[in-house]
Structure formats: C-alpha cells, structure tokens
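Structures incoming, each one as structure tokens.
One chain, chain A, links the two complexes that follow: it is found with chain B in the first and with chain C in the second.
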Partner chain A sequence: MKKYFSFFKLRFSMGLQYRTAAFAGIATQFVWGSMEILMFRAFYEADASAFPMTLQATCSYVWMQQAFLALFMAWFMENEIFDSIVDGNISYELCRPINVYDMWFARSTANRFSRAILRCFPVLIFSAFLPAPFGIMAPVSVSAFVWFLITLILGALVTIAFCMLVYMTCFFTVSSLGVRMVAVSVVEFFQGGVIPIPFFPEKLQKVMELLPFASMQNVALRIYSGDLAGVQMKKAIILQVFWLVVLVAIGKGINRLAMKKIVIQGG
Partner chain B sequence: MIEMSHVSKTYKVSKRDAGAVSALKSIFHREYEQVHALKDVSFTIQDGEMVGYIGPNGAGKSSTIKILSGILTPDEGTCLINGLNPWKDRIRHVKEIGVVFGQRSQLWWDVPVIDSYELLKDIYRIPKSVYEQNKDELTELLNLGELLRTPARQLSLGQRMRCEIAASLLHSPKILFLDEPTIGLDAVSKLAVREFILNHNKKHKTTVILTTHDMQDIEALTERIILIGKGQILLDGTIDDIKNGNENMDEALAALYQKYEI
Partner chain C sequence: MWNSLQLYAHYFKIQFHSAMEYKTSFILTCIGQFLVSFNVFLGVFFMFKRFHNVSGYTYSEVMLCFGITLMEFSIAESVARGFDTFPSMIANGVFDHIMVRPRNEILQVLGQKIEFTRIGRILQAVVMFSYGIMKSGVQWSLAKVGTVLFMLLGGAALFCGIFLIYAAICFFTLEGLEIMNILTDGAREYGKYPVNIYGKKVLFICTFFVPYALIQYYPLLYLLDKGAWWYTLLPAGGFLFLLPCYGLWRLGLSHYKSVGS
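Let's look at the complex of A and B:
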C-alpha cells in the first residue's frame, strides 16, 4: 500500500506546482458558472414552477460543480498515461514490482484531488458572497454536509474507475482518440454535467439514475443542495459503492488480460 | 543464473502497398505478415558475467531484453532467471533486476531527480539504510551531486543518462539490463558511463547484459559476446572470435554481418 501512497504523494505535489494553469482554470470556471446561472435565471423567470429544483438549489449545484470540476470531468484524463502506452514508455512501469492498474488509479486520484484542492476555494468563497439566490447556499444540515463530503469522494472514485477503463482500452487500440471522445461526451451528458439529472423527463431520469454516470457528481451535488435526502440518498450511496466495485473489477480484469498479451513495439 | 531455452516470438505486422487505393482496400481486407523476431534462442549466463548482446537493427535484441525483463511473453520456449519465470512471476522477478532503456526515460519529468529516487525507494521497498548507502555511493561515482535537485527535463542527455543508471541500481539488483545506454552521448559521458559499469560489475558482482551498436562499448566492457541476426543466435564467444584477426572491431563486425547475410 505504501508504494501506491508515495505515488499519490508525488503526483499530488506535482499537481500543486502548476499555478498558472490553476489560475486560468479558476477564471474559466467563474465565467462558465456565471453564464450558466444567467441562463437558468431566464428560464426560471419564465416559469419557476416548471422546474424540479429551486433557483437557489440550482445555483448551488452550478457553483459546486465548478468548484470541484477537476474531480468529475471525464476530459480530465492524463495524457501522460496515454502517451506512455502509445510511445512504449510503459516498458519502465512494467519493470517495476507494482500493479499497473493500482498505480494509475493512485496517480489519477492524486491528480484530480490536487487540482480540485488548488482550485475549489476561490470559487467557493466568491460564490458564498454573491446575493441570494445566485450565490452558494449554506449546507442544509451538518449531516447533509458530512454525507456530501463522503459522496463527493465516492463520486470522484467512480469517475476515476471509469476513466481507468478508457486507459485500459488503449492497450488494444493504437489510438485512444475515438474511445476518449465517445466516453467523454457520454459521461458529460449522463452524469448531469450539462444540466442536473432532475431536469430530465421522468422516465429517462429513472434509467439515468441507475447508470454508473449518475454515481459521479450527481449524488454529492444534490445532497448538498438538499434535493437528495433520506431513503433516496441511501439508495444513491449504495449504488455508488456498487458501481465503484463493478468498475474497478472490470478494469482489473482488462488489466490482467492486457498484461498477458502486451507487445511493446519498436526497439 | 539466466537460462533461456528454445525461445521463439512472432509478431504480426500489417502490410499494404502505397497509395489511396490500397489504403481503401485495407479497410476491408488486411494483409498481415508473420515476422519471426526470435527463432529458437537459447543461452545461459552465469552470475556476475558481463555479456554484450549485439546484432543489426531488427535482429531481435530488444525482444530478448523485453522477454528477460518480463515485459513480453514469448510464444514458445522457457526461461528461468534465478529460478523465476520472468513473465509468470513478473512482480517477484522485477524486484531483482534493473533496466536502463537508452531511448526512454524513467525519471519523472517535472520534479527534481531526487523525488523520482524517493518514489523508487518506496516502490522497491528499499530499507532506508540501504537506500542512503546506495544513493551516496552512486552520487559519488556518477558525479550526480547538484543534478539530484534539478528537474529531469532540464538535464542534458549525458547528465540524464547518469541519473537513469543510478535510478536502476538503487535497489541493488542482481541483474542489470542496459539497452543502448550510450546512445547519443558525447565522448566524455560515454567514457564515464563505461567506467562506472565496469567498476560496478567488479565491486557488486552484478550480472550485466548490454545491447549496443557501439563496438567500443563492447570492447571496453565485455568478455563474452552473443551475436544475434534474424532472430537466431549466430555466435556466442569472445571478442577475438568476432575480430577474427581484423584490427578494427566495426569492420570485423560488418564482415560478419555480410557473411551471415544479415
């Protein structure tokens, strides 16, 4: 375990050193979040009763999403991993007494959390000072906040486990571009990245909530805004754990298969 | 001890003619060609030996190194390294070996070299005292000093290669694979690397397997030479066997390549 933790540590401290990138990211997230909220405001002004969440809850959802973007966005994949598979640098990683899947998992976790920690506070602080209903609201209760933190981490792990599958397919195809593009758009749409899942038609929503993508950001963000509580919340958390286990199991299976038939090309 | 017996490996290589028409055709029908990278390769290397593994490009050198380091599974044949099968007991096997691929890097690009070393220490679970001792020894012999505090991306090739070699020896491996370690290095760096390898082998009795195109590397370092061509072992002997009365090593080797038509 210690070696994977050191891996985590090194990647984490590496992630913290890219200050300019973080600054640019934060600026983008402010603009993006503001634009989304302006758009929602226009809709709510037309007919607020037509929406499943209050404007305040939706605004909180948007700001939280922007603050923790790095944890959940599928396009935050690590190019270094793809490169190492494509250019064969992975040879070195195979010469180490480690499991490639576990190592990359540790690495992606570190990468996402270091970016999120570097970027979340300015967004959170700024949006806390915005006038209601446009700012971020205080959590509904202490217990909701604790559940929010737990599901935030679970959701990030589900996202990482899913991205691991994309890395693993790269062992079997020469270029990862196609798989990546499809995976990224599917995740974005079905995890509630474009609009929150409660905004979808009811029938579609029921199916979507069972998919692994709903176990990513959807659960944590809705618990924070009070949209998800009680039995519904517990169900959602169990589903998160279920998908995490299933995705990791599939990923490890593919990893074993890949290790058997891997061929590093070139001299 | 390394024992490799009757190892074969075949790759599937896709082929097509030039031009758009054949590119279109290849959408529906792919032609593959079987390339025999290794054909019935056998050899034994004793502990503490220093062996030069040479042959023209595409002869199967890298494939052999990959099999020995557990990265590649051969189609046929067996291989035992200190009693372990490298591809089946990969994790246990790789703890005992160090590898340097001259054309790749194992150092983390954006952080000081020392951070990569600390990570290796945890990956190989090197005890702190052993790690410190090895690090100090390697720092002194390879003249690393200030380099350790520099990010790997800002090192010159010669500096980086010295750091790479040190990285692969931190866990005191019993066997060291060097795949073209002097490629692209200037004269001074080459000499430094050679001298270091020679001393390390003498002092620690590390088995060294070296692939290179630089015949001076071979002359400076190895007693025994294995020549491979078209996937087969053509010669297993000493430098004098290769030289065969010729003064110049490169010419002698070229003559051999011609003789075997490789």
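Let's look at the complex of A and C:
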C-alpha cells in the first residue's frame, strides 16, 4: 500500500507544477460555464414550468461541473499509459514488484486530484460573486456538503475505474483511439455532461440512473444543489459503491488475463 | 496557383497512403469520429423533448441552424485543421525545414498532417446538414439555396481564419493556447443554437469582434423569413475576417525565431 501511496504523492506534486496551463484552462472554463448558463437561461425564459430543477440549482450544477472538470471528464486520460503499451515501455513497469493496475490507478487518481485542486478554487470563488440565480449557491445544509465531498471522491474513483478498463483494452487492440473515442463520448453523454440527467425524459432518466455513468459526476453535483436528498440520495450512494467495486473487479480481472498473455516484442 | 494545387494533391496522396497502412485502426477511428459528434445533437434533441421552443425558435429551425454551422465547421476543419499540430512543428524544428523551401508556408504546414479519419466527422456533418434541411420546412427558392451556399462558404472561411489565428499566436507563445478552444470547438458546440439566444452581449461580440453571427444568425433569419433581404450578403464578413487573420500570421512569421533543436 505504501508504494502506491508514494506513486500518488509523486504524481500529485508533479501535477501541481503546471500553473500557467492551469491558468489558461481556468479562463476557458469560465467561458464554457457562462455560455452553458446563458443557454439554460434561454430555455428557462421559454418555459420555466418545464424546468426539472430550479435555475439556481442548474447554475450551481454547471459551475461545479466546470470547477471539477478534471475529476470526471473521461477524455482526460493518460497518454503515457497508452504510449507505454504501444512502444513497449511497459516492460519496465512489469519488472517492478508491483501490480500494474494498482499503480496506474494510484497515478490516475493523483493526476486528476492535483489538477482539480489547482483549478477548482478560482472558478468557485468567481462564480460565488455572480448575481443571484447565475452564480453558485451556498450548499443547502452542512450534511449535504459533507455528502457532496464524499460522493465527489466516490464519483471520481468510479470514473477512474472506468478509464482503467479503456487502458486495459489497449493490451488487446494496440491502437486504442477508436475504442477510446467511443468510450469518451458514451461517458460524456450518460454521466450528464451534455445536459444534466434530470433534463432527460422520465423513463430514460430511470434507466440512466442505474448505469455506472450516473455514479460519476451526477450524484455529487446534484447533492450539492439539494436536487438529490433523502432516500434517493442514499440509493445513489449505494449504487456508487456498488459500481466502484464491480468496475475495479472487472479491471483487475482483465489485468490478470492481459498479464498472462502479454508479449513484449523486443525493441 | 495550379502548381500549388498539384503540390497539395501530392501531399494528400502521400498522407493517404500512410493512413491506409493501418486499415483497421483507420476504420475504427472513423467510426469513433462519426459517433462522437452525435452527443451535441442528442443534447439538443432531448432539450426539445422537454421544451418546445427557445427564444422563439422551434426544434426544426434550431436543427437547420445546427446543421449549417456544423457543416461550415467541418469544411473548414478538413482544409485547415492541420494548424492544430503547428505548435509541435515549431517545437521540433519542422517549421525550419518549411521556411527554407521556396513554397508557400501555409500550404506546406497544411500538407504535413492531413487527418483522414475526420471523414467520419464530415460524414456526420453531412447527415446533420441533410436532416436540418429536410426538417426545416423552409419554402426553398433560388435566393434561399444561394444563401445557404454562401453561408457555408463564408462560415468555412471564418473558421479557417480562426485556425490560422491559433497557429499565428504560436509564433509568440511557442505553444498552443487552450483558450483558443473557445473560438473553435466552443463555437461549434454553442453554434448549435442561433447566437441571439445567449443574450444581447454575446450577439454583439459575435457580430463585431468574431463575426459568428454574420455566418449563422443573420442569414438564418432570412431563411426563416424573419429578416431583411440584405442579411443574405452578411456571410461575406467571413471572408473579410480572413484579412486580419492573415495579417497576424504575416506578423508572426516576420517575428519568428527558430527554437533551434
């Protein structure tokens, strides 16, 4: 466990180095967030009664999504891992007395969290100062905030566990670009990245909420704005834990299979 | 001019052969590209399942707007997305090779990397465009067909201009700026709705600074019988926009210092 933690620490401090890149990223996220909110405003003005959440909750959702983008976006995968599989550098990793799956998991976690921590505060602070419905609101209650933090971490872990599956497929296909693109757009859509899950028609929403993708950003962002509470919230959290266990189990299974079959082609 | 086209055709052929060396990967990536852009469409589709109009536009009107914008972007992308790799060309010295050759730099930069898998995305744009045109319920006349064509050309010019700016800025910063994504992918993403739904300020910026509205919102009003006839002429703004972009490129070029690696 200790060695994986040091991988985490190493990556984490590395991620904190890229401050200029983070600055440019933050500016981009402001604009994306603002445009998204302006779009929702237009729909709100068209028909307020058809809105499934309050406008305030929707805006908080959008800002939170922008602030913690690095935790949940599937396209934020590590090229290094893909490259190491393709160019054979993986052989070095295999020589070490560690489990490749666990190491990559620790590494991805560190990358995502360091990036998110660097980037979230400016977005959060700025959006807190925006006028009433368009800014981010204070959390509805202390307990909601605590649950928000817990589900935020759980959701990020589910996302990473899913990305691990995509890395694993690379052992079998070599060129992973196609698989990767499809996976990214499926995750994006079903986790509520295009439009939040409550905006979908009811039947579809019921199905979507059961999928592993809904256990990513959807739960945390909706708990924060008070859209998800009580029994519904508990169910969602149990589902998150369930999917995390399942995805990690599948990932480890594939990993074991791949390690048996792997052939390093010289080089 | 003819000579340049021949050169580009030659680049095209070489790149095509190299892409065909990895056929399975090529086809899978094409499929990926095709599916990816459906997300935007699905987003619009499901929003309209719940709401029946936005700022006075119906679903079919938004689809027309979305189809045209996506098509404009795709045409530009297939011509000029090669600028995307420009930062690495400066960093690894490929641009130095280009400078010493007695041919146009832009042409050579674009020839370095032609991404054929984009065909998936272009195909998707064609599908969305046809769907938008069919769904629109517009009474087509010669003038309106002409307007759509003019929009496609003007829009493609505008997006090419933006890709060119992205590359020109690299002369000064030596690396690509993530913030430029707002102008390229952001414009495609948010161009799905006519720009005026985002409010007056955005419309103002998109009219006078980066003239998206001239290739999307105003001529669209004409197509929907909501605007004056001369809105048809506004996509010309897309071509005018190329001038300052080219100016910036020239400026960057004269400012260029090899990074020497």
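By our rule, the second predicted complex is superposed on the first by the 266 of 267 C-alpha atoms of A that agree within 3 Å, B and C clash if a C-alpha of one lies under 4 Å from a C-alpha of the other, contacts with A are read in each partner's own complex, and residues count from 1 in each chain.
Following the convention adopted for this analysis, contacts are C-beta pairs under 8 Å (C-beta built on N, C-alpha and C of every residue); 3 or more make two chains touch, one makes a residue touch a chain.
All figures in this text were calculated on a predicted structure; none of them were measured in a lab.
Chemist: I'd like to know which partner A:Asn89 touches here: chain B for first, chain C for second, both or neither.
Modeler: A:Asn89 contacts chain B only, not chain C.
Chemist: Tell me which partner touches more residues of chain A in the superposed arrangement, chain B or chain C.
Modeler: So, of the two partners, C touches more residues of chain A.
Chemist: A:Glu188 in the overlay: touching chain B, chain C, both, or neither? Say first, second, both or neither.
Modeler: After superposing on A, A:Glu188 lies in contact with chain C but is clear of chain B.
Chemist: With the two structures laid over each other on chain A, which partner does A:Met14 touch: chain B (first), chain C (second), both, or neither?
Modeler: A:Met14 sits against chain B, while chain C stays out of touch.
Chemist: Considering only the touch criterion stated at the top, classify A:Lys3 as touching first (chain B), second (chain C), both, or neither.
Modeler: So A:Lys3 only meets chain B here.
Chemist: Does the superposition put A:Val142 against chain B (first), chain C (second), both, or neither?
Modeler: After superposition on chain A, A:Val142 lies in contact with neither partner.
Chemist: Using the touch definition from the top, say if A:Lys260 reaches chain B (first), chain C (second), both or neither.
Modeler: Only chain B is touched by A:Lys260; chain C is not.
Chemist: For A:Ile98, is the partner it touches chain B (first), chain C (second), both, or none of the two (neither)?
Modeler: It touches chain B, and chain C stays clear.
Chemist: Considering only the defined contacts, which chain B positions touch chain A in the complex?
Modeler: Listed in rising order, the residues are 11, 57-58, 61-62, 66, 69-73, 90-92, 94-95, 97, 99, 101, 103-106, 108, 110-111, 115, 118-119, 122-125.
Chemist: Okay, in this complex, where on chain A does chain B touch?
Modeler: 2-3, 5-7, 10, 13-14, 17, 88-89, 91-92, 94-99, 259-264, 266-267
Chemist: Using the touch rule from the top, collect the residues of chain C that touch chain A in their complex.
Modeler: Going through chain C, the ones touching chain A are 22, 24-25, 27-33, 35-36, 38-40, 42-43, 46-47, 49-55, 177-179, 181-182, 186, 190, 193, 197-199, 202.
Chemist: Report the residues of chain A in contact with chain C in the complex, numbered from low to high.
Modeler: 21, 24-25, 27-28, 31-32, 35, 38-39, 41-43, 45-47, 50, 52, 174-175, 177-182, 184-185, 188-189, 194-195, 199-201, 204
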